[in-house]
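The structure under discussion appears below in the form of structure tokens.
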Amino acid sequence: MGKDSGSGRHGRILVINPNSTEAVTHGIDAAMDPFRFADGPEFDCVTLAGGPPGIETQRHVDAAVGPICDMIEREDNAADAFVIACFSDPGLLSARETTRKPVFGIGAASYSAALLLGEKFGVIAILPASVERQRRAVRVMGLDARYAASLPVGIGPASLDGDAVAGRMIEVGRALIDRHGADVLIMGCAGMARHRAAVEQALGVPVIDPTQAAAAQAVAAVRLGGRS
Amino acid sequence: MGKDSGSGRHGRILVINPNSTEAVTHGIDAAMDPFRFADGPEFDCVTLAGGPPGIETQRHVDAAVGPICDMIEREDNAADAFVIACFSDPGLLSARETTRKPVFGIGAASYSAALLLGEKFGVIAILPASVERQRRAVRVMGLDARYAASLPVGIGPASLDGDAVAGRMIEVGRALIDRHGADVLIMGCAGMARHRAAVEQALGVPVIDPTQAAAAQAVAAVRLGGRS
Amino acid sequence: MGKDSGSGRHGRILVINPNSTEAVTHGIDAAMDPFRFADGPEFDCVTLAGGPPGIETQRHVDAAVGPICDMIEREDNAADAFVIACFSDPGLLSARETTRKPVFGIGAASYSAALLLGEKFGVIAILPASVERQRRAVRVMGLDARYAASLPVGIGPASLDGDAVAGRMIEVGRALIDRHGADVLIMGCAGMARHRAAVEQALGVPVIDPTQAAAAQAVAAVRLGGRS
Amino acid sequence: MGKDSGSGRHGRILVINPNSTEAVTHGIDAAMDPFRFADGPEFDCVTLAGGPPGIETQRHVDAAVGPICDMIEREDNAADAFVIACFSDPGLLSARETTRKPVFGIGAASYSAALLLGEKFGVIAILPASVERQRRAVRVMGLDARYAASLPVGIGPASLDGDAVAGRMIEVGRALIDRHGADVLIMGCAGMARHRAAVEQALGVPVIDPTQAAAAQAVAAVRLGGRS
Amino acid sequence: MGKDSGSGRHGRILVINPNSTEAVTHGIDAAMDPFRFADGPEFDCVTLAGGPPGIETQRHVDAAVGPICDMIEREDNAADAFVIACFSDPGLLSARETTRKPVFGIGAASYSAALLLGEKFGVIAILPASVERQRRAVRVMGLDARYAASLPVGIGPASLDGDAVAGRMIEVGRALIDRHGADVLIMGCAGMARHRAAVEQALGVPVIDPTQAAAAQAVAAVRLGGRS
Amino acid sequence: MGKDSGSGRHGRILVINPNSTEAVTHGIDAAMDPFRFADGPEFDCVTLAGGPPGIETQRHVDAAVGPICDMIEREDNAADAFVIACFSDPGLLSARETTRKPVFGIGAASYSAALLLGEKFGVIAILPASVERQRRAVRVMGLDARYAASLPVGIGPASLDGDAVAGRMIEVGRALIDRHGADVLIMGCAGMARHRAAVEQALGVPVIDPTQAAAAQAVAAVRLGGRS
């Protein structure tokens, strides 16, 4: 990655993909383009060596924490903000103990952004097991009153590239709108990045890419001086 | 205003100060600088002619809706996103009926941003009458579980320039932290912009300028294509 | 209107219909009859000149605030309490800054009354756009735990006189009961007044006319001396 | 009691005081006067023979249910609505199984009315043991978001006549306002009726007499035809 | 009952079935077996003489309180803890005023236990009228966020012995899982005890017998010394 | 440990202390005694080799997950239930993916138990940093309505043996009761076990040892056949 790894004098945001699927990191990297400015912070998107192909279980989530914190420690002097690019926000709290730089989880950032774009947010999840994690995440955020539901597409995080994926996401999104009253949708996986425009166009409601939601916050944090 | 009113080919965000105090608009304009990029959207900060010197009562809030919507209608072709720069978010819902461009209220944007920076947010309000409005706003956002309290500085929106203001804000902020458990603070008025750094430095917790919180969202919305 | 505009020595309640549809005002006026006593406060039902035929959008709601407050100011010496007879409660908070007399919104009064008549209330809304407003109103009231749902009949406020309306309201009411667990219903528009008895008889659960809910509170406030 | 026990042709509301303290029933009876109209329903206030001097414990509450339901059964043909005049609402749900006539509890009616008169309600309780019951009642009503607190005066229900009582109520009310943010107060016992005006005048916020709150609802129910 | 009524030196837990159906008491008694240890507290399961065959209405619930408290008073010296074996928890609060020994209601104990076994609990209720009581109980427990729904089997408490009952419970349980998102189920009546294993096996999620949930707490309370 | 490691034919519960302080494990072991029956499941309390002396930070919590799951995997055939004896419930969800045997976290078990013993629970925390974790845990449990507060004693988990500790816990407990309205207390660390009786006696409200709360649930799960 790191196509904008230049002087770094405007700040550098490290985006960590905790799974080992390079295609996901490439998708994330492309999704960062709207947040790259000539005189703005660069975005470096990296794959966490040794992670599983996708974060599918709670054990995957928990196992990612150590390596994420290790990477943050190594990069602390070279980065001005961090984004943990997994919707389950693995290690978000531990990361904040590890660095004084701002750290954003893409799950939390998505929920926060959704509040400004509609009344009730729904989440297009990857797998059924993700749904319970998202319910808990919404509860720990204190956002039950704004949550429509999560519904899974039934496709693992390492297989989100296929052509049929957008179609399946649109089906699930429509169910969130029609049956659960959602008027804004969140894509529940960093690996769905490339499908955002297609899903938004098909459904006519705002669709949030979680890494982009975090990127907006990270740019602001870097420009405002962070808290380091 | 409009010091970056250039070609507009990168997008233009109109920031509307609904009160008639030019000093407040100047403060907002300066606060937008971190969000101005060489190849990013420009920020135009305008004062709503004919407004009261400060939005202090609910009647002020309600009376501002019509003029805000009128301005949005006039500017709709020339702007890519709108920010309503009053913490009471006057006319936010009406504005969304008026334009298909993204519209952000600085109150809602602040509450949303605070969720990512701490456990409990407190609001440094201007006047006692603001407190009830903020309680209602937090409830309509569905964020009661994350709300510490609002406490007023007792200084009207047109008098926030004085040297003693930061000191009073620090006092109130400390009470929000010590007595109400806040670990992130929101400045409850666009006119407090110039005091953010001083308050944050004195108190050691994140302090959110509401217009900056909305600016981050507006930049993202413009870059991602909005919903027009 | 004003068929009981007599001496006023027992108090006078001004009921303001903020839309310009006289048929709605007539329906409201008839609905006030059960609250008219020989020695009780009179009810004067007035149409707000210049309003839209129906309050259908948020812009309508916000645009009604100024004229409502102007009327309250003009009538302040001649009235002992005010009822704002639009389910969106336009200007309720501004009105309370305008007069020291008690002011009741028919939306808030309905939600309050429903708590005493059942476990879960459902709202028979007029238009799909009303539903979001009602969700927000319920949230700002803090009543989410008692709210079943809102479902629209799909008929605008100026067309609620037709014979088919009660039938459509019964259909929607039944869906609120059967699919959303409502055991008390609120009619979500002052213009539905004449259909209350028919809907209640058909469905077998309490059905609240919102203006009547506010009338009960207004009579009590006048008799207890108000807060003037 | 029964000073207005006349023809009953306009309806009759039976107000049941479940304790045996006649002075409390007299106070309630006087508090009903504002709701007595020449052509309105009469109010009959009765003392439940054999009750304790005051409902102070949960056992008192539970023990009152049977006698209350027995009285309602006996009076069912002669009454158009019932009010259970104890703030703990003993037997409210059982009473609704006993008669098809409307039944109102003064606790529930007070909480409902308070929603229309302020942002946060506080309760002037009689004894410390009442506080837990009120917390549970507020929770079962689903009104936590609007509840400031309950504070006890420390005077039993049979001793509320004394001259010092209003003074103590004012002290407690002021604490609810100053320390807990209440802006509307509920008197937590039917036996406090005579002190309402004094407390309201001293504190400058609305003060609700619970039996009056229920009376307003009962008059409306009788006039609207009840649900019998 | 009382097959383990021995020396009592290890403590004695009195389980009170407030209905008069002996078959229910027998079912409860058998359900206590897993909590009987050689050196643990004995469980004595008794039928409340004179109760109705089943607690089906609120009047039944309220009428049971006096006799339950009377029995607790009589047995206070001979028992170390009490279990009120009716899912509506009749007299739980009054019982706690009656004895200093620990008292557990099987409804409250079930809700508490369910929190540890899944994300959302559903209740297999007996009759439609039970559903409202359970909604209120969940609200007074403060557990709305974890509650899926209650659905009735439509069989009274005195008829739960039949062979078809388990089948009907499985149907209802599946609806709670599939349509309401429950992942742990509570049997909403002490009289369902014998069907627990069959329902759990058929549905593949934890199924809680309410009396067993209370038994676990009662054993712990006795072993830890209670609060007497 | 393992003083009751016998035949195991009645079941075996493995209690895992994830910190390396043996004194804590000894305290836990003693606290299990009331749950040891002649014919009941044995309790084996083990120290997680290689853990930190105390779980004080989120990094400690997250770092414990892997070793806890490894131990559960190794012991899965030899145990019938697991208790994770750290109040932060490290790895509770991952553990449930690791084994089909029941797993209980002592934090969750405590919150659940507290619901049955009082209206509002307060937590005697160890360090200020624990408080935020507890707030989040309460929110993810959905128990905000029953939570008074957490207050720290300011003593790390490895220093809880000292004579002054009970005194400090009593001070903090009294503040939870007097200033925050708690009527039941939870000890927020497994290492506080030995002080339970002293604190309960001094304060006169129920005091919950978290490992005991989990033990009660684990015994029940083993006796009822678990879900293996």
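By written order: A, B, C, D, E and F. Residues from 1 in each chain.
The criterion applied here is as follows: a contact is a pair of C-beta atoms (placed from the backbone, for glycine too) under 8 Å apart; a residue touches a chain by one contact, two chains touch by 3 or more.
Source: prediction; values computed, not measured.
Novice: Rounded to the nearest 5 degrees, how far is chain D rotated relative to chain E when their C-alpha atoms are superposed?
Specialist: C-alpha superposition angle, chain D on chain E: 180 degrees.
Novice: So which chain is the furthest away from chain D, centre to centre on CA atoms?
Specialist: Between chain D and every other chain, the largest centroid distance is to A.
Novice: Please identify which chain has its centre, taken as the mean of its CA atoms, farthest from the centre of chain E.
Specialist: For chain E, the chain whose C-alpha mean is farthest off is B.
Novice: Please tell me whether the contact surfaces of chain E and chain F are same or different in residue numbering, using the over-half criterion.
Specialist: Same, since over half the interface numbering is common to both chains.
Novice: Calculate how many whole Å lie between the centre of chain B and the centre of chain D, each centre taken as the average of the chain's C-alpha atoms.
Specialist: 45
Novice: Taking the mean of the CA coordinates per chain, how far is chain C from chain F in Å?
Specialist: Spacing between the chain centres: roughly 54 Å.
Novice: Residues of chain F that touch two or more other chains: which are they?
Specialist: 136, 139, 142, 144-145
Novice: Taking the touch definition from the header, please name the shape of the chain graph: line, ring, star, complete or other.
Specialist: other
Novice: How do the chains pair up in terms of touching? List each pair.
Specialist: Chain pairs that touch: A-B, A-C, A-E, A-F, B-C, B-D, B-F, C-D, C-E, D-E, D-F, E-F.
Novice: In the complex formed with chain F, which residues of chain A make contact?
Specialist: 57-59, 61-63, 65-66, 69, 91, 93-94, 96-98, 136, 139-140, 142
Novice: Hey, which residues of chain A end up touching chain C in the complex?
Specialist: Within the complex, chain A touches chain C at residues 119-120, 145, 183.
Novice: Provide the residue numbers of chain A that touch chain B in the complex, in ascending order.
Specialist: So the residues of chain A touching chain B come out as 34-35, 37-40, 104, 108-109, 111-113, 115-116, 141-146, 197, 206, 212-213, 215-217, 219-220, 223-225, 227.
Novice: Along chain B, where are the residues that touch chain D in the complex?
Specialist: Residues 132, 135-136, 139, 144 of chain B touch chain D in their complex.
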